[in-house]
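Report on one structure; see the data block that follows.
So that you can tell them apart, the chains are marked A, B, C and D in the order they are listed, and the count of residues begins at 1 in each.
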Amino acid sequence: MQTIVTRGREESGAMVGHEDARRLGWLGTGRMGVEMGRRLLAAGCDLAVYNRSLAKAEPLVRLGAKPVASAAELGATDIVFITIGSSEDLITAVLGADGLMAGPDGAVPKVIVDCSTVSVEASARVRAEAAERGTAFLAAPVMGNPKVVRAGKMTAAVSGPREAFDMAEPYLSMLGRGVTYVGEGELARTVKLCHNLFLGVVAQSLAEVTILAEKSGISRQAFLACLNNSVMGSLFTGYKTPAYVNLDFAPTFTASLLRKDFDLGLAAAREREVPMPVAATVYQLIQSLVGRGYGESDFAALLQQQADSAGLPLVSEHADVSDGLGSGDTPSTS
Amino acid sequence: MQTIVTRGREESGAMVGHEDARRLGWLGTGRMGVEMGRRLLAAGCDLAVYNRSLAKAEPLVRLGAKPVASAAELGATDIVFITIGSSEDLITAVLGADGLMAGPDGAVPKVIVDCSTVSVEASARVRAEAAERGTAFLAAPVMGNPKVVRAGKMTAAVSGPREAFDMAEPYLSMLGRGVTYVGEGELARTVKLCHNLFLGVVAQSLAEVTILAEKSGISRQAFLACLNNSVMGSLFTGYKTPAYVNLDFAPTFTASLLRKDFDLGLAAAREREVPMPVAATVYQLIQSLVGRGYGESDFAALLQQQADSAGLPLVSEHADVSDGLGSGDTPSTS
Amino acid sequence: MQTIVTRGREESGAMVGHEDARRLGWLGTGRMGVEMGRRLLAAGCDLAVYNRSLAKAEPLVRLGAKPVASAAELGATDIVFITIGSSEDLITAVLGADGLMAGPDGAVPKVIVDCSTVSVEASARVRAEAAERGTAFLAAPVMGNPKVVRAGKMTAAVSGPREAFDMAEPYLSMLGRGVTYVGEGELARTVKLCHNLFLGVVAQSLAEVTILAEKSGISRQAFLACLNNSVMGSLFTGYKTPAYVNLDFAPTFTASLLRKDFDLGLAAAREREVPMPVAATVYQLIQSLVGRGYGESDFAALLQQQADSAGLPLVSEHADVSDGLGSGDTPSTS
Amino acid sequence: MQTIVTRGREESGAMVGHEDARRLGWLGTGRMGVEMGRRLLAAGCDLAVYNRSLAKAEPLVRLGAKPVASAAELGATDIVFITIGSSEDLITAVLGADGLMAGPDGAVPKVIVDCSTVSVEASARVRAEAAERGTAFLAAPVMGNPKVVRAGKMTAAVSGPREAFDMAEPYLSMLGRGVTYVGEGELARTVKLCHNLFLGVVAQSLAEVTILAEKSGISRQAFLACLNNSVMGSLFTGYKTPAYVNLDFAPTFTASLLRKDFDLGLAAAREREVPMPVAATVYQLIQSLVGRGYGESDFAALLQQQADSAGLPLVSEHADVSDGLGSGDTPSTS
């Protein structure tokens, strides 16, 4: 099967400033785009930026990015990264009247790297139309939230033409802890779905064992400190810990959004004819969480549902716990 | 509730060689005991060792440990660590005729630190009888296997008298990445059960998403590289990766043993009246795994069961993948 | 909410032969249509029949039904019953060029009673177009298979205009044990989906307890005799008993078809935001059954899967067991 | 394997009044005992009765039963039926100082038929001690509640010595719809556990589909009328219908008791190494029901939990629905 390439920054970022350094563009400077673009600038890259509302690009411009007036103008760069809100936005931004592929003198980038979370259908359509005009398209859905990116711990699965990956990879590696090439076409989208199914299962199981520990007389803080420190600890279990300990269910990723990821993930499993007994069980629990009124809460409210089912009243432990991401300003992140 | 103490080596190990350094003993030098004792010796501790079959203590004696002829003789030390096979062995070794509490001139250790996995009942009995003779008993079940210990990544939950913990903690911290004090009595046993329930759920969910990825066209190696690198990656997902990629189901921890942990964990949940929907689903899948003939295989065979249910023939990817523990000699660890 | 009407034959079938007896038509004389039509004829009804391949209508013609040359000719009757294979067939047969609504002189029936299992979308479309031409449309999906019909034990949920139901109800009641009016529109389709979800759950649970009983030393025949005789026994548990006892998995309703019903049922649950923890668990088990090669077997193969997971080799008990439907010619029915 | 014997009243009750009619005894005249004994008296049997509090035996005495002053005095009869509250009560009543086996002149019955729900251990002990004194012991746990018995629809699984069954069977058959001989020893206890696991699964699945139907716009009354009328309908779905329609959760069998049955049933499955994926899922839902405060409600409160998880407010439909048992005095029965 495919050769695996997982490279981190150390191994690959060496060519910035070289004569063969690429001109980069960034399309869409929302919270994710700003955090990711900031890292390219910090590494000394040449970066042009475009956003519908240019004000949002300000943080990057202040750091040296060159603002341009339309997506089309980014066609003059080599590699354009995209972080955009929806499938429709992607289609407009790339294929639309003033879009990336409508460069003034027919200039188009060599490679598009789409870091958004869009549908397989939209991705495939943009991929096909871009290819016709000579632009390679990489699907590179990101695993992590803005705070994870800021902490330098973002990763991505990447799929698309291998040569395009080889060209983009040094810059992708600057964005976080490294990226993994998983093959042709939309395969990276599937990886993202799998990742999110796994994330939901881990969140529910964490809720179950945390409530069992608490009802046995162990504080959530103590239990989760233990678990995070053990071989089972992950960045994820670490950064959800403040929410579980202090019952902070302010949404970073809502239960409804997690349900949507499970809709897609389980539909993919059905299409591939793969039974998912545990993910299916969690899906129903998320549905129940929404039904009980937590749809717009953070999915960490799975803990509350679990406590209610165990007849255990929950109170915040008001503990000073770290999210493990190294910057204490926000108490909890998706 | 209790104050949490999670300390690692840097913060605590400073008193070795000091005049107030404790005399240590080690009772039971199986694979775990040898790896753990080795770390104390490497840190310069004064260590006496006893094992029924003395040959097994050899590796530690070669590194400077002092062999003694009976468990009773360890009574002359301050803190005795125990790693032993079963509840019965613990009772014999501590309370038996020639046991730890039968020291020649009534000498008993100040603190016993039991790192074994024994029943709550055995633990409580030994605790009570030791307390009567002035010896504090700490339950300190270990999270990790010998290879994890060797890589310096072992952790433990600890419960028992707080002062005893304070005395033992500098040495406990030398054993790995730090330990967490979770409260009085047998609470640490519950933490271990919770840890293992979580481990089983993660292993099954990992099997589900890995098979979904593979049936979608992504190699297991690529998918797991991606996941391990992401915020969901843990030491555990890392060290099971070689087994999942190369289908190495040689037992490090058998499906039958994992079932036993689920027996105990779900019994604890029943006793505490905590529903565990996801753990219960996994329990049935482990039972099915045993029923299908994988009882004495490593529990990583959950991947095989999952593939069979998906109608996907599995073949080893014969890939050179690391287990993330830093020493490549064994391909897969529990 | 709606008034419930569940009437059986005794209470309603009195007007046959009366001057106000309706002229009836039957469109689609497959296995189900023949068994159902036969009952109307036996009750003395005036019945015209049409089938694309007229040979299949023969059994009814021999009993006195009048064959017609096109669906359009059935427009001259009052009430037309339909049993047809697919959504597309329904649309063609009713709305097509030579369809039921294309009667020579604009004659259309007063009421259409669709006893097929078609999609909500197709049903709603036919309903709307028929209504425009003055014909009321009743959705009346049948619960039971041809053998159940023949045994006089078929039932149906019915939805659509209430007056149409009142007109058709005497004849519907002749078809089996009575029908239930559940409300407007496509509601009867939902009842059928719920019925089939329940059926799948019961089949799996039956497999679980039967295997538990057998592994404990009780023959399947003895156990199921007991259960069928108890308050838990139903026509369904009775007519699946020969398959479970004698391992006859010749398809009456395949695992793949049951999976399709679960696809639809769980999609309806998702749309209505109703968690279905048990049905979702069974769905995954059916998917696993398909993955293990039983897709084209009868769904009774759930028993085999359950036995395999329990490590129990199954052999037929070669027992002479009744299916409870009163005619011993076929050993097992869906 | 064993020969199956399922006989109903018609086939077997012929010998009452004959010279070979047996003298019968009844030990324990609680609600179940009274309803069952009443049926023997109605059939003309010769019945002696004993109960600790004799007042409770009054209804049977009025119908012609002969009261005796101690369990021991029942030793003079041929067959003694027992319906008693607990394992301890069984042991005392049979083996105790003044118990059944302590007859004045060593007189003991030929056969004991225990219709109670007691532990396998207690049953096996009483069986062994009775056998030593020449009395055969039949385990005959009843499926049904007092109202089911009164309606003549009770059944039982019976295990123990075959000749004893043959002797008792004519009288057992008078108790309801017939009994099934399932083999030696305690096998009938297992059948009862299987029956109750199945009952719990059916109750939960019924809750799921009923809520799905209701959220789709179909009244519970209409939906359940439909289902009860269909091939899926059973006495059980019928007699729970009033509770589901009118939200009558007055306990006939509490959620806590159902949980206890699942404790035993799943322990048996674990011992036999049979995975029970669906029963295990329901077990957790019952635990959750208890945790949410419904432990002392009827287990029909599963419907309420299901509605809460679906975000559906439930109100009684105040409908006049039958429980299908033919006597309208109590609205709902376990």
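By definition in this document, a contact is a pair of C-beta atoms (placed from the backbone, for glycine too) under 8 Å apart; a residue touches a chain by one contact, two chains touch by 3 or more.
Note that this is a predicted model, so its numbers are computed, not measured.
Touching chain A and chain D together: B, C.
Ranking all chains by how far their C-alpha centres lie from the centre of chain C, first place goes to B. A count of C-beta contacts for the chain pairs B-C and B-D puts B-D on top. If each chain is reduced to the centroid of its CA atoms, chain B and chain D end up 47 Å from each other.
Mean C-alpha positions place chain A and chain B at a centre distance of 34 Å. Chain B and chain C have CA centres that are 57 Å apart. Residue positions of chain B touching 2 or more other chains: 273-277, 281, 285, 287-288, 290-291, 309-312. Within the complex formed with chain A, the residues of chain B that make contact are 1-2, 4, 6, 143-144, 148, 153, 155, 157, 177-178, 180-183, 187, 190-191, 194-195, 197-199, 201-202, 204-206, 208-213, 215-219, 221-223, 225-227, 229-237, 239, 265, 268-269, 272-279, 281-282, 285, 306, 309-312, 317, 319.
Within the complex formed with chain B, the chain C residues making contact are 277, 281, 287-288, 290-293, 308-312.
By the touch rule above, chain A contacts chain C in their complex via residues 263, 270, 273-277, 280-281, 283-285, 287-288, 290-291.
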